[in-house]
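After the structure tokens below, expect a handful of questions from me.
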Amino acid sequence: MPVEYWLIFILIVMIIASIAALEMDDILSSIVAIGIVGLGVSLSFLFLQAPDLAIVQFLFEIFALIILVKAFLGKDYHKQAPSRINKILAGLTIITLTAIFIFSVSVFELLPPFGEPLMTTAQYYLDNGAKDTGAANLVSSIILDYRAYDTLGEITVLFTAILGAFTILRIKSKSKKENSELSNATK
Amino acid sequence: MQQNEGMTLIVKTVTRISVWMILLYGIYIIFHGHLTPGGGFAGGVIVALAFLNVLLAYGRKFTSDWLNIGFLHDLEAASATLFLVIGILGISMGGAFLANFLTKGELFALISAGTILPLNIVIGIKVGMSLFLVVWVLAGFKIEKGD
Amino acid sequence: MIVYLLCFILLLVGLYGVLTKRDLIKIILSIGILGYAVNLLLILFAYRNNSIYPILSKGKEISPMVDPLPQALVLTSIVIELGTTAMLVALAVKLFEKYNTFDITEIRRLKG
Amino acid sequence: METKTKSRIIVFVFALVVWFALTDIKDYQEALIGIAISMLISFLTGHFLIANVASQHLIKRTFHFLLYIIRFIWEMIIANLEVAYLVIHPMLPIKPGIVKIKTKLTKDSAITVLANSITLTPGTLTVDINRNKGELYIHWINVKSKDIDQATKEIGERFEKTLTEVYE
């Protein structure tokens, strides 16, 4: 069976799972459905001959699951009934997105067929990567040697994001501070 | 190991037996990033998950007795600096920022590929520590019921 | 071609979630779906028929390999996505603490 | 020797074995880095492995553990047949419920192995453990008796006798 058919099957499962994740009421079911989508992406990476990405995506999925469950489960979560205007807006959005999809079909027809890539610049890396850097894993040789600047920027972004998360969680909200001052005063 | 914090006894015992295996596999992935699939990103996440395993099974107090959290903060900040230091060493010894100045070695040996191995280790520490600390902060964040 | 279109549908599903959902958890999940779709689309463009993964191994003759450059870029993108997800979750938790709800219309109404 | 030190040495040896299984043993670079990493791991997580020292001799314990595995497989076959009978039977004569059983085991790992064995045999499932009182809550697909002693005899005692030899 060619790779393309497998990918079509996985993608259909992923689309169904993502719609389910967005429409389900229970928050734990949504998080599990998102897990299905992520594992589908990981499996597709394996079919597309990218084992590095498959490993990272799989771990990302586990980690995101832990964060989401840890943060959102157990909060009392009220499901609001959608109002009339929301229903109208959702309908309009679906119509607009369908129109975008229909118009974009002709754009995708311009692309070369699946399996014959557009980009040919990377041929240099394939030919000389092992000789230039001495690494057998060519992806690793690109991220840490040819394009190490990208990784530097990526580390900076990660550092900033994590620092931002720390700072947000450390700030004490105003009302709580007042409350604690009040309670201290009464003591 | 007697406190009631954390999960049930089964989870605690299995964690006790398996945590060294997860840590070893993460470090293996980091060190073989230039030879096999994986590398600093994947290995760093596995190391973070090994620590998280203990945090989720045993609770915060046990983990803060086991690990020095302040030191992990320092390590996380220091690894970003180390990346820059390796880059600047590339200027002085190789002529360009982040140039591969170490010896290339022979293909398929563990110590080869110049600066790729040290950079992988630095990235592994960075990713692992920051992801562990995020969950650490999130887990300690208790929402008090407002009125 | 049909693979590209299906992947584009996945992206549109994520876009639909971001545009219409009112609750913060669903918005975070939709941003995740958008990220998955974009990453997958990049790797789909890089695939070449009858070729193997771009890693040399001992005693194997050289055969055509897939394009390693998009893979390197997507690897970076996945890790950044992890950082932004953590940041978004922290923001959502903080908002819940302040307003005691995840509904963005409520949050907009209750100022101060 | 102190328990923690003993545990660290055992983890060091295990880690080295796993490292050599993952990599090429003939390469001296791999060997040196493997030793360094195993030391790091035994320093970081080594003291977790062994919680308390067993009194029995190691060879005797291994022998009893092998006996336990045979016993477990036998019980599993019987439980499988029972559940298969329940499933095939047209009336579906099940009577699900949660029962409480007692255990005399005291060590953490012994209770874990007992609970996991009960979960792995079809028809019974460990729901919760009360560590201090030595009680296990079991979900049973076909409750034969609600009495604690009777239920203990039916579920727990099959494994408990051999496990006492291994761990206590």
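All chains are identified by letter, namely A, B, C and D, in their written order; residue positions are counted from 1 within each chain.
In this section, a contact is a pair of C-beta atoms (placed from the backbone, for glycine too) under 8 Å apart; a residue touches a chain by one contact, two chains touch by 3 or more.
If you're wondering where the values come from, they're calculated on a predicted model, not measured in any experiment.
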| request: Sort the chain pairs by how many C-beta pairs are in contact and tell me the top one. | output: A-C
| Which chain has its C-alpha centre farthest away from the C-alpha centre of chain C? | D
| For chain B and chain C, what's the span in angstrom between their mean Cα positions? | 23
| request: Round to the nearest whole Å and give the separation of the Cα centres of chain A and chain C. | output: 2
| message | I'd like to verify one number: the distance from the centre of chain C to the centre of chain D, where each centre is the average of its C-alpha atoms, in whole angstrom. | response | 40
| query | Between chain B and chain D, what's the gap in Å when you average each chain's C-alpha atoms? | reply | 30
| note | Contacts with two or more other chains occur in chain C at residues 53, 55-56, 75, 78-79, 82-83, 86, 89-90, 93, 96-98
| said: Could you pull out the residues of chain B that touch at least 2 other chains? | reply: 36-37, 41, 45, 107-108, 127, 130-131, 134, 137-138, 141, 143-144, 146
| request: Quick one: which residues in chain D touch 2 or more of the other chains? | output: none
| note | Chain pairs satisfying touch are A-B, A-C, B-C, B-D
| task | Mind listing the chain A positions that touch chain B in their complex? | result | 51-52, 54-56, 59-60, 62-63, 66-67, 70-71, 75, 130, 133-137, 139-141, 143-145, 148-149, 151-152, 155-156, 158-159, 162, 165-166, 169-170, 175-176
| remark: Note: in the complex, chain C contacts chain B through residues 53, 55-56, 58, 75, 78-79, 82-83, 86, 89-90, 93, 96-98, 100
| request: Name, in rising order, each residue of chain C that touches chain A in their complex. | output: 1-10, 12-17, 19-23, 25-26, 28-30, 32-33, 36, 39-40, 43-49, 51-57, 65-76, 78-87, 89-94, 96-98, 101-103
| Hey, which residues of chain A end up touching chain C in the complex? | 3-4, 7-8, 11-12, 14-15, 18-19, 21-22, 27, 30-31, 34, 37-38, 41, 44-45, 48-53, 56-57, 60, 63-64, 67-68, 71-72, 75, 77-78, 80, 82, 86, 89-90, 93-94, 97, 100-101, 104-105, 108-109, 111, 113-119, 121-122, 125-126, 129-130, 136-139, 142-143, 147, 150-151, 154, 157-158, 161-162, 164-165, 168-169, 171, 173, 175
| note | The chain B residues in contact with chain A across the complex are 29, 33-39, 41-42, 45-46, 48-49, 52, 56, 76, 80, 83-84, 87, 97-98, 100, 104-108, 112-116, 119-120, 123, 126-127, 130-131, 133-135, 137-139, 141, 143-144, 146
